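Right, I'll just put the structure down here and ask away after.
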């Protein structure tokens, strides 16, 4: 039966997380990280590792908290509110879930406790120059030669690749067919010859990287899950990762509402607070309408996952949430710029951190066009 | 959290469902000779009378107001039982008739015990039909600027003025109305709220012809003598009393399950049309990527409104503090209606405007929706009024305000 | 060189037309016609025939005014402003231009003077149940049997079919091929056996009709232009008709601006004219922005036609104008409803006449989706 | 009507073109050692100095202000000749440097003959660089609420306060500024407009770091003594004088030809990208119906802004009465920038945000546009200010107003 409230434990989790980011992840800290070479802060990572955040969705047997996705969502919401840069999503969600789901006992025993402790960061290397999130977008080839795989290709727009110790690498071991199989997952430590990481510069929300792979030799021990059936493992995990990404975007949009309300109440023009102008009110109302749409589509997706809904229904709910979040967060930053006027482009004020983040996450894990196609397929095909 | 509106029913619920189902089998069978109209406004007098009688029977069992205390004519049911009742009722396609029950929660908050004892059972048991007439021809959304006057004369009030309201096709027993009781007091402290018997001498009506037959009319008060017992909430409390009605009308209560968007089946008709129709070259519409995107957008926008209504339902029934939430529900529903109208036009082209017996898809649901989306934009506060209220509740306006009190028990 | 002004003669033409519609085509008159059985007023038709409007684009040798399309556009703008219902567009523009362009000498001598005088109305029967405006949408078959054509099929959404004396009928004489040919045009007088006209009821801006054709026998003398090459004649004429339709929509949108400005200046709420509320202002600003976009895209298209631009450039300009007009007029009526509040749905007030007109013309001669495809083809293929 | 911006040139025009072309071949060759920057803000000091010298040479021939009367430093050319000049100039890709010349039309309308004789040639001949500093840190769009003061002291004014302005990368010779000359007068009748030499004692600057390097700075006036000869339009006319500058800035003058949208080449880059890139499955983007629609929308929206600019150009140069037109031009251009930014994001995804030398399409035009669309929203009046002005000029506001006078000859 319908229950949209948080438990007491969840309220506490959220309040603690909120206090943490208010304290440790101020706008100044985020700007500093954003302008640092790797877009990564050792000390912040150490702090969140100490309070266990990298372990949130990892099973208890591997030293994780084994929390529900809704609980994890509350953390991501607060991270998004602060615009926190960290490899937590790629390492402790996408890569960790893949290893936990499909890895060998050895792989799990080796990697998961390290990831949970924050002692190892695993970047998630999926996307390529012909950007897309379906299996057909993977062209990096892994050719079997004897008992080895020779891998060549280019991964592009990979976050956290520089700060990572390992990569979760998605490659093609068989030509595309309709079922979307033919992909294989590999776990690769950084030192492998033939792999070169290079920053791709831009006005991006996270630092993004190119991973050029040229005849890198991988072993069978590095294969995660079954050969050629990588996307079957990935798809539900991408959904879970996307739902948490939506929670992060929800937090970012909440910040847009908070900043806009406060600024408009305090900024005086024509002798009155600008919040009393209907034009300014409407910008904020638009933010709040987007906010509530993102909130409830996201919460619904997370709760369906936690409550064990059918994968197909989860897929639809997640795709809908991502469409709403991509559009809502982007539009929300735009409206926040309108509310704030000139100060909104002052780097000191820091609104731009959310602006570029929203535009990067707009496409990450699938843009609205991709997810609309997916929902239409689920509904009508 | 749990968004599922599906329930694992208790044995008690299933027993109650059985009881309801049996009762409905006996009492909810529309005689075959009545034609079910396409739009409520087109209901025949015979069918209307039948529905009224049926509602009285429902009311006698407390099932018209299942959550209300039985002492005020309600069913005194728990939310769980009311849910079962709602499910069973919705299986029978009994046409709704227009009965604005928004006087009831206001009376519950603001009325004297005597008024509650007297009027609430009438409303809750379906014995009377009430129409709400707050606004006036020159007033529109600015409900505080009405000029209809109520001048005290002994224990009575003499009411004069003209109201506009939307009501059902036939007549009302009571008119839930506001009037200026104190010409000298400032806005919001000068009104009275009256529950006026519709048959008092001096009351007359005239129809307006709208693009949807919703029964919009003028009501004229010509020296109508209304005894003081019909004043609810005291002489200068009318604005506050009306706010309680409006808060509920705007959607504070929310709703559960699909259909919260009140789209009149237009999305289902849209999906059906797109999955069966072909374009000029004979290609199925459902294969056109642009059409597919539009369908997904219709689905998402509708689902967002369902979720917002569900949020309100949950907040309302769990006594959460509500601020902008009621108005947001109303605003989004109104905007959705316009968006859906545009999507239908893009997908169905000229078919969107047909009610033709041969050519109209889904028996003219599109055409009816085109008119209704526009018509529904204004009653109960236009989208601009909802924005105004949202801005106040978000703390953006000069005047800060809280939601009006709506709790009934 | 750029000159966006009207000549003195054009100013006079427009002023006279404006006075005429103000006088003879009031909101009450339009409502009356709208509610009449055929949606047609003999007396209004007589009045506009007397002042020569049905002859505006017909050559002088056939008793027409032979005016420029820009001149004709000024008339259509005023008709649109008044929401005037009349068969002028289908008869005196689409059908007349086809006959004038492609008709035999006999056909021209016979029909054009009658059309110009308003003594004959020729409906333009193109569209069919699978609605569309490309040649592929025509499935009505005309099969040659001896020296006759046997025609069967269904025309749908044809305006003016009931008040018309003849039809300009588009039928298929050969299967579709890529070039879009295979269509043939016929001029058909009303009394032909096998042709049945039936109103298609709805909330439409013009009364629309189904023309059911069942083994109607037509002769070679009724063929207009070359057999199988009908669409080559039609396409540029559809562009000219569309440009004038845009002018009509421009006028309708101008009326939305006029009504909204006036109403908002006079309606008092909260003690002041509602025009002083930013929310109301923004609705009107949106109308004015749409209005100017429709105005200048339409004028540009008309002027390119008059100035003999390349057909391909005309096609692009017309399609762009129709996209802008379809969206702008529809949105403009929506905004006008918002400005007016409750009175906007009162039939006496008459705003709804524009609302339903805008929604019918949204699709007529091609909706935005159709014209976007066309522009994309012109630009990129 | 004629929308064609193509011209059949007269022999006289062709002769003039020849003259211009020869002159430019000699004077408009950027030395090869200068690097042309991607954004104006990144221009080297050497290149900047070269451009300033080049502009002075242009100015000496009257070609920097071709339509202005030669007595005020202009070229005294007809529109036909100016058109030819403009065409030839635009063929040479000389980077623009920031020189806000909006003081000139205001001076022409409001200045004394002595001021016109003295300042206009300086501006029109490129001898000086002027920056406009009307607004202040706490003022934003409400330009009438500035607090910078100008207190009369004999024939001089003592100016104190802080201004915000957007200027070029290096320095200015004059600052076109407003200050309160009369603390006791009401809004709009309390300001003076000053053409302040930038090297007066007490003037200092500091930079702001923005997301686009447009050279936004603070200027501090600390007891700056400004002789009365620099006051333009009299002691309490500053608001009116500033309006003339703003009217032109908002776009009353319009422009001719493509590029009116000032999109920095983003639409061309978008078409180029869509016609060359492929999606994940290897299919050309240009075959995707959704992408095609987006491209057509970009084309149409851009063309509308071009037409509106053309309308203004024509109205302005034909002395038509202009009301909302200037602000509409500015509003639509600002909205277009945001729309194009969104379309680019939809079409190019993460490529929209790159300035990487390997991976960025069109050398980073997308990325630069993303930042500039946002940054350009505010200077010269945000879209909200343009709406406010449009509403006034459409007769919707309490305060009615006409466009400020802008005619210069």
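The chains carry the letters A, B, C and D, assigned in the order they are written, with residues numbered from 1 in each.
One rule holds in what follows: contacts are C-beta pairs under 8 Å (C-beta built on N, C-alpha and C of every residue); 3 or more make two chains touch, one makes a residue touch a chain.
Computed from a predicted structure; not experimentally measured.
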If I average the CA coordinates per chain, which chain comes out farthest from subunit B? D
Higher number of C-beta pairs in contact (C-D or B-D) found for C-D
Compute the distance, rounded to whole Å, between the mean C-alpha positions of subunit A and subunit B. 42
Nearest whole angstrom, what separates the Cα centre of subunit B from the Cα centre of subunit D? 53
Can you pull out the residues of subunit A that are in contact with at least two other chains? 277-280, 282, 369
Which residue numbers or ranges of subunit B touch two or more of the other chains? 289-290, 293, 387
Within the complex, subunit C is touched by subunit D residues 1-5, 7, 256, 271, 275, 286, 289, 292-293, 295-297, 299-300, 303-304, 307-308, 310-311, 313-315, 318, 324, 328, 331-332, 387, 390-391, 394-398
What does subunit B use to touch subunit C in their complex? 135, 138-142, 145, 164, 208-212, 216, 277-282, 290, 338, 342, 345-346, 349-360, 364, 367, 370-371, 374-375, 377-379, 382-384, 387
Subunit B touches which residues of subunit D in the complex? 288-290, 293
Using the touch definition up top, name the residues of subunit C that touch subunit A in the complex. 277-279, 282
Of all residues in subunit C, those that touch subunit D in their complex: 1-6, 70, 261, 264-265, 272, 275-276, 278, 280-282, 284-285, 288-289, 292-293, 296-297, 299-300, 302-304, 306-307, 320, 323-324, 369, 372-373, 375-376, 379-380
